[in-house]
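What follows is a set of structures to go through.
The same subunit A turns up in both complexes below, where it pairs with subunit B and then with subunit C.
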Partner chain A sequence: MTSAIGLIPILPVAAAAVAGFLAIIRKAEKAAPLFTLAATLAAGVLALMNMPGAGIAPHVAAPWVNLIPTDAALAAPPGPTHGMPPGLSVVVGVTLDPLSWIMVLVVCSVSALVQIYSIGYMAAEKGYARYYCYLALFTASMLGLVTADNLFQLYVGWELVGVCSYLLIGFWWFKPSAANAAKKAFVVTRFGDVGFMLGVLLLVSVAQSFKFTDVFAAYQAVADGSLAVHGLFSAQTFLWLAPLLLLCGAIGKSAQFPLHVWLPDAMEGPTPVSALIHAATMVAAGVYMVARLILLFTLQAGGGAGAALDVVMILGAVTALIAATIALVQVDIKKVMAYSTISQLGYMMVGLGVGGATGQVAGMFHLVTHACFKALLFLTAGSVIHALHHAKDPNDMRSMGGLMRRMPHTAITCGIGVLALAGFPLLSGFWSKDAILAVALQRAGLFGHAAGAGPHAHVALACGVAGLIAAFLTAVYSARMWLMTFWGKPRSDEAAHAHESPAVMTLPLWALAIPSVAAGFLLAHGERFATFVLGGEPGPSHENMALSIVASAIALAGLGLGALLYARCPAVDPVTRLPRPVYALFSNLWYVDAFWSAGVARGSLAFGRAVAWFDRSVIDASMHGIAWLVEQAALGMRRSVSGQTQTYAAVLVAGTVAVVLLMTLYEQVVGSPGPAAAAAGWMVRR
Partner chain B sequence: MTVGLSHYLILSAALFGLGALAAITRRNAVAVLMGVELMLNAANLNFLAFWRYLTPQGMEAQVFVIIGFTVAAAEAALGLAVVLSLYRDFGTLNVDEASGLKG
Partner chain C sequence: MIDLRPLIPHCLIVGLGILVVLLDALRVRRNACCLGFVTAIGAVAAIALDWMGPDARLWAGQVVADPYSRAFDTIFLAVLAVVALASASDEPHIAFAGEYYALLCFATVGLMFTASAGSLLILYVGIELSTICLMALVGFAKRDRRSSEAAVKFFVLGAVGSALMLYGCSIVFGLAGGTEYGKVLSVLSGVGGFPMVLWLGFGCVVAGLGFKIAAVPFHMWAPDVYQGAPTTITAFMSTASKVGGFAALLRFLLVALGAAPDRWAPVVVALSAGSIVLGNLLAVAQTNLKRMLAYSGITQAGYLLVAVAGASAADSGLAVGAVVMYGMLYGFMNVGAFLVAQVIEDHTGSGEITALKGLHRRQPLLALAMLLFLFSLGGIPPLAGFVGKLYLFAAGWEGGRFALVGLGAVASVIALYYYLMVALQVYIKDPDDDTRIPVSRQVSLAVAICVVATLAIGIYPKPLVQLGDRAAAALHAYAAPRPLSAVPSAQKP
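Now for the complex of A and B:
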């Protein structure tokens, strides 16, 4: 059965082709989910049947590009290699090691639930089959990305999920805001992807191979000094530059500060898409990539503290904190969740920043639990928006309220998601957040101690504390969001007459609510998750009762504060009563968007205008000048064409006379026949 | 004084110049043709003068002159045909008005 795992990414591609065909012929569009759902479930089942065991990772591969030279080519003298090391081959395939296997299950399950949910959510939409085509294509791309065992396939999947994200954000392309958001998402992530591509090329140029294991070995060899780095960089530069370039990709894709600005805009896409791509899977790809390549970051630290891990951790902490404060003041329910997602991705980065297997496990654990409860939260938001779709702005929480009685399934599942997100004790978010805070603070020497490679202790301390503050803010905005939406009295007619969504939408909510409650405990219990990821070796436990109590207290305090402020449904939103500069900072998104649009976008425009001016008034103008000269010359010349035969004859005679005179004059002055006379004489002699 | 080669050549050059002047300056198409005839005859006169004074033993000059007559006759016939169709098309013999190829 192992060879069948090659079908994991292929089945959704085939389903996407079928759905795309239905979309083109515009017939039987309602049948599209049958194919895509079957393919997604089949891929998940295939993965379940091939669970990696201790030291066994099911693997199938096929050569794609093979540049291994033949004997004849080897005998020939070496020519230019165009940067490609001779003997490079690219293998595509499916590798199910524990990390990939977890991601495949997360992708397949969330994708399947989102597809079921979309049957209800998208029922009235045009382009139904096109929507499922994109979803299946995304699922396939994501599966290709996570099952890669080499940088090449990882990069291809990385770009493909970006394209699918673009297509799905812009699904309602006729809305200018959606079209712009799609472009913004694509362009902003491209900033990071450039760095990622450079990082991949740098690593491959040194390792002469795309395979992760070869790259790790080469990096280790460079660190040991047994492998030299040729080209632009010294070995020392290579060691810190390569991981940081890779991190650039994660900053773009996982919406880390300062490239997080695309994710809130991406909420223009259909809400189930936000749940799948912009909460559970694609935005986690950056985290997954760093986790997958964590060895590079850890090796950079040598045996002690390293700059690469410091950067990962600080970036994550800054992102987590800033996004949490912005989420606090948003009034659009999807925007709250978008900033919450950014904040939680920052959390994952903090966990990864601890480095080594410890950081990898902590980051990936939060990724998995977050995928469950954030997909759940987005789908509940979609359910609310679906119910209010007649309202002027169905996303505005200020016109909601009192939906608890009218939409009990949505309200309860959303409440579960909110509590899981806030880190309510024993729900999934509590365990994974706790794991991250524990490893970060233990690195700093609190609640235990962690030695070996990792970030600097003071960095870990600052980031751990930032994580605690972000956890408090998370609890406050989670409570605010739920209470504003579901509690109290309806604040609009639409909210007063809302109806619960159909079962096809509420069932996926319950299906996600269960892991949102239980996944954390089940996976954290007995270090089950760590043992599985590390391939059978039970990792050291980082559980610490004192820290758990502190974290719980913080979560409960945040939820309590939120409840205190919002349970009575105040007419004026209490967050607007924050000190004016603070509120301005939060509601203006920390001026990051303003910086990008005023600084970078305007700067690019100004540069573009300067280039356009140069093009028009220098390059084009010189061409026009030449054309003008030719035209003027022609206008002068045409005056000589009078049509008067007699004028021509006169010119002919005058010319002849002139030539003869010149020949004579030349002979008189020089004393011998000139060249013209010589030519005439030669012609006569012939 | 005796009449030498140079006298013939001067006469011939004067004849050619007058012919060219007529061909270039006269407005009447028939007069232009007459100017061309003069130039042809100046060339014939040159041939004969050179033959008489430089190569009296050869026959080439006479052959050329006879060809020149023939060409002149043909030119006169064709030229008059051109003049006729010029008159038909433009209603005038003034060559200044036949400027259809003006750029």
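Now for the complex of A and C:
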């Protein structure tokens, strides 16, 4: 069965083609989910049947592009390569090592649930098959990304999920806000992707191979000094530049400060899409990438600098903290969740920033549990929005309230998700958040001690403390969100007459609620997750009772404060009574968006106008000139095509004469006559 | 006793041609479209039989059956199958349907011999066989004045080309004492030297082949003939017939003239540069879809010649592989584009590019197919045309033809302009009327095959690359000078 794992990304592609076909012919659109769902489930089952064991990773690969001459019979003596690498060889395939396997399961299960949910959510929408086509395409791209064993495939998947995200955010393209949001998401992530591409090119140029293992080996060799770096950079520069360039990609894709601004806008897309792409999977791709290539970040720390891990950790902590404060003051239910997602992704980065296997495990663990409860939260939000879709702004929590009685399934599952997010003791979020805080603080020498290479202790300490503060804020805004939505009395007619969503939407909620409760305990118990990821060797335990108690206390305090403030449903939102400058800072999103639009965007526009002038009056003018010349030449020559057979025949004969002359006289005219050819003339023997 | 097993597929196709004529004459056409299907199935069967046959050199190496010839046979037969399939829906409407398919089959056999030719004699016979059959086919729509005009033009110019080639052959025969490539090679690389007038002969042969591949300056017939001929025939001529010319040209240049690449290489460079520049410029100015595709075909021949220019007897691997690859994928994408053109022309009665206006509203799947063919012809990844062009230019680059590759790259950008002008009509412009354009099941199937091939080759080119590698290895082995004792002595007539 191992060879069948090659089908894991292919099946959803095929399903996407079928759905796209249905979308084009606009017939039987309702059948689209059958295909995409079947393909997604089949991919998941294939992965389940091929679980990686100790040291065994199921793997299939096929050479894709190969410009290296292979045939021994044709092997000519090596000639000059004109400064190009000796050949380009790209292998595509599916590798299921523990890290990939976990991601495949997360992607397939969340994708399948979202597709089921969408049957209800999108039922009344136009472009039903188109929607499923994009979803399947996204699933395939994401599967291709996570099963890559080389940078090339990783990069291709990386760009493809970006395209799918663009298509899905802009699914309602006729809404200007959706079209703009799609554009913004694409452009902002592009900032990071440029860095990522440069990083990939830099690594490949040194390693002369796309394969992760070769890249790691080359990086290690450069660090050891056994491999020289040619070109622009010194070895030292290469060592810190390469991981930081890769990190740029993660900052864009995983919405880290300061490129997080696209994710809240991306909420313009259909809510199930937000659950799948902008909560559970695609935004986690950056985290996955850093986890996958953690060796590059850690090896360098082994060299004594530690800068790359410091940057990862600081960025993560800043993101976690800032996003949590913004989430506190949002009134749009999806925006709260979007900022919450950004904040949680920041957490994962803090975990990864510890470096090595420890950081990898902590970051990935939170990725998995977060995928469960955040997908759940988004889907419950979708259920609420679906129920209120007649309202002026169905996303506004100020016009909700009291939905508990009207929508019990949604309310209870959302409550479970909220508690998991807040880190309520023993729910899944508690375990994974605890693991991140533990490894970070232990790096700083608190609650135990960590050995090996990693970030600087004072950085780890600051970030760990920031994580604790963010955990408190998370609990507060979680409680606020749930209470404002479901508690108290309805604050609008629509909320008073809302109806629970159909079973096809509530069943996926319950299906996600179960892992949101239990996944953390099941995976953390006996270090099961770490053992699996590390391929059989149980990692050192980072559990620390004291820290767990502190973290629980913080979570409970935050939830308690939230309940205290919001349980009585005050008419004025208590967060607006924060000190004025603080509230202004939070509600203005820390002025990051303003910075981008006023500083960067306007500056770019001014620069752009100058360039545009140059472009119009110099470049375009000359291009138009060339185009005009081409056109005139074409028209002129077209006139020469007379249609006269005699002319044609004459040209034919003249051409033949020219060929013969070129063959015989070329050496005399252009080339250097050799000793034999010197005597060559008409009828002269060579 | 000569082992004739390698010729079984050739015989099969000849038999197939006779069979369809008989079927037609006996009015076995109960199901009106059966002749096309019979031809297509026969062609596919011939591909299979071809690859099962043994490698051999018949009649002192005059006919060579090796993976090189088989790779090209596969291209011709695949194009034959697709074209026959696409013609099937017209069967009830055309007189002499049996003759139509029979002539197509005979033209294909001629091309197969062209690819197998190991001497100028067989080369000439193969080329003539295919050209004469095509002359009849070009004029097949007898009541259409354009078709007749095209046939006459093709006939007259073909005769000139043929005469030039035959003249060249006779010079070579007279001076070298034979027309087998091995013989020519031994004369060229012999110690005693050779008369320079031999190059007059070679030049004429190259000109004849240049006519076949429609390279500048031997291209002038192509747009008129392509425009006038029935579109399915145009599709066949612009792909199979052109690729056949390349099959012969590569073997002739790399084997017979393998000892003197510095003499023919400048000619190839000149033909290539001329085709790329002129083909492109003239394509820009066209308003008729088939004419535009004809000029684009001249440009494509120029791209193929980039790889040929990069080849030399010592290291032809990448170039031969690239030409085989491109021949195959070009066959599918170009036939596909012509088939779409035919559907539109049949329905609207206009061959202008503007007739495709708003096709996506009138026939969305056909519009998508056309878009894919155009993008592939333009060389946009991940479609077949991109991979093919990558290999062609890589071969040119490896052979040191940097300027030519640069020219090709610039030309590719200009080419996008006229391909996308068609796409503009298909997708952006609104149609004059919204009625659906009907597409027969047979044509749909043929277009679908072309779409699948264009996509599949683009996404996973490996099998085709391997085919190219095999062909290249075979040609290399064939060109390698062998001890004289291993060459069977020529049989006296």
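Basically, the second predicted complex is superposed on the first by the 592 of 686 C-alpha atoms of A that agree within 3 Å, B and C clash if a C-alpha of one lies under 4 Å from a C-alpha of the other, contacts with A are read in each partner's own complex, and residues count from 1 in each chain.
Just so it is clear, contacts are C-beta pairs under 8 Å (C-beta built on N, C-alpha and C of every residue); 3 or more make two chains touch, one makes a residue touch a chain.
Nothing here was measured: the structure is a model prediction, and the numbers come from that model.
In the superposition on chain A, contact of A:Ser234 is made with neither subunit B nor subunit C. Of the two partners subunit B and subunit C, it is C that touches the larger number of subunit A residues.
Look at A:Thr576: by the touch rule set out above, it reaches neither subunit B nor subunit C. Using the contact criterion defined above for the overlaid structures, shared-chain residue A:Val653 touches subunit B and also reaches subunit C. Of the two partner chains, subunit C is the only one that A:Ile24 touches; subunit B does not reach it.
Look at A:Ser617: by the touch rule set out above, it reaches neither subunit B nor subunit C. Contacts of A:Val641 after superposition: both subunit B and subunit C are touched. After overlaying the two complexes on the shared chain, residue contacts for A:Met663 are found with subunit C alone; subunit B is out of touch.
In the superposition on chain A, A:Ser3 contacts neither subunit B nor subunit C. On subunit A, the patch touched by subunit B and the patch touched by subunit C overlap at residues 637-638, 641, 643, 645, 649, 653.
Those residues of subunit B lying in contact with subunit A across their complex are 20, 23-25, 32, 95-96, 98-103. Every residue of subunit A that touches subunit C in the complex is listed here, in rising order: 21, 24-25, 62-67, 69-71, 73-74, 76, 79, 82, 630-631, 633-635, 637-638, 641, 643, 645, 647-649, 651-656, 658-660, 662-664, 666-667, 670-671, 676, 680-686. On subunit C, the positions that touch subunit A within their shared complex are 152-153, 156-157, 160-161, 164, 192-197, 199-200, 202-204, 206-207, 210-211, 216-218, 220-221, 223-224, 262-264, 266-267, 270-271, 278, 281-282, 284-286, 314-315, 317-318, 364-365, 368, 387, 391, 394, 397, 402, 414, 460-462, 465, 469, 472-473, 476-477.
Interface residues of subunit A, counted against subunit B in their complex, comprise 637-646, 649-650, 653.
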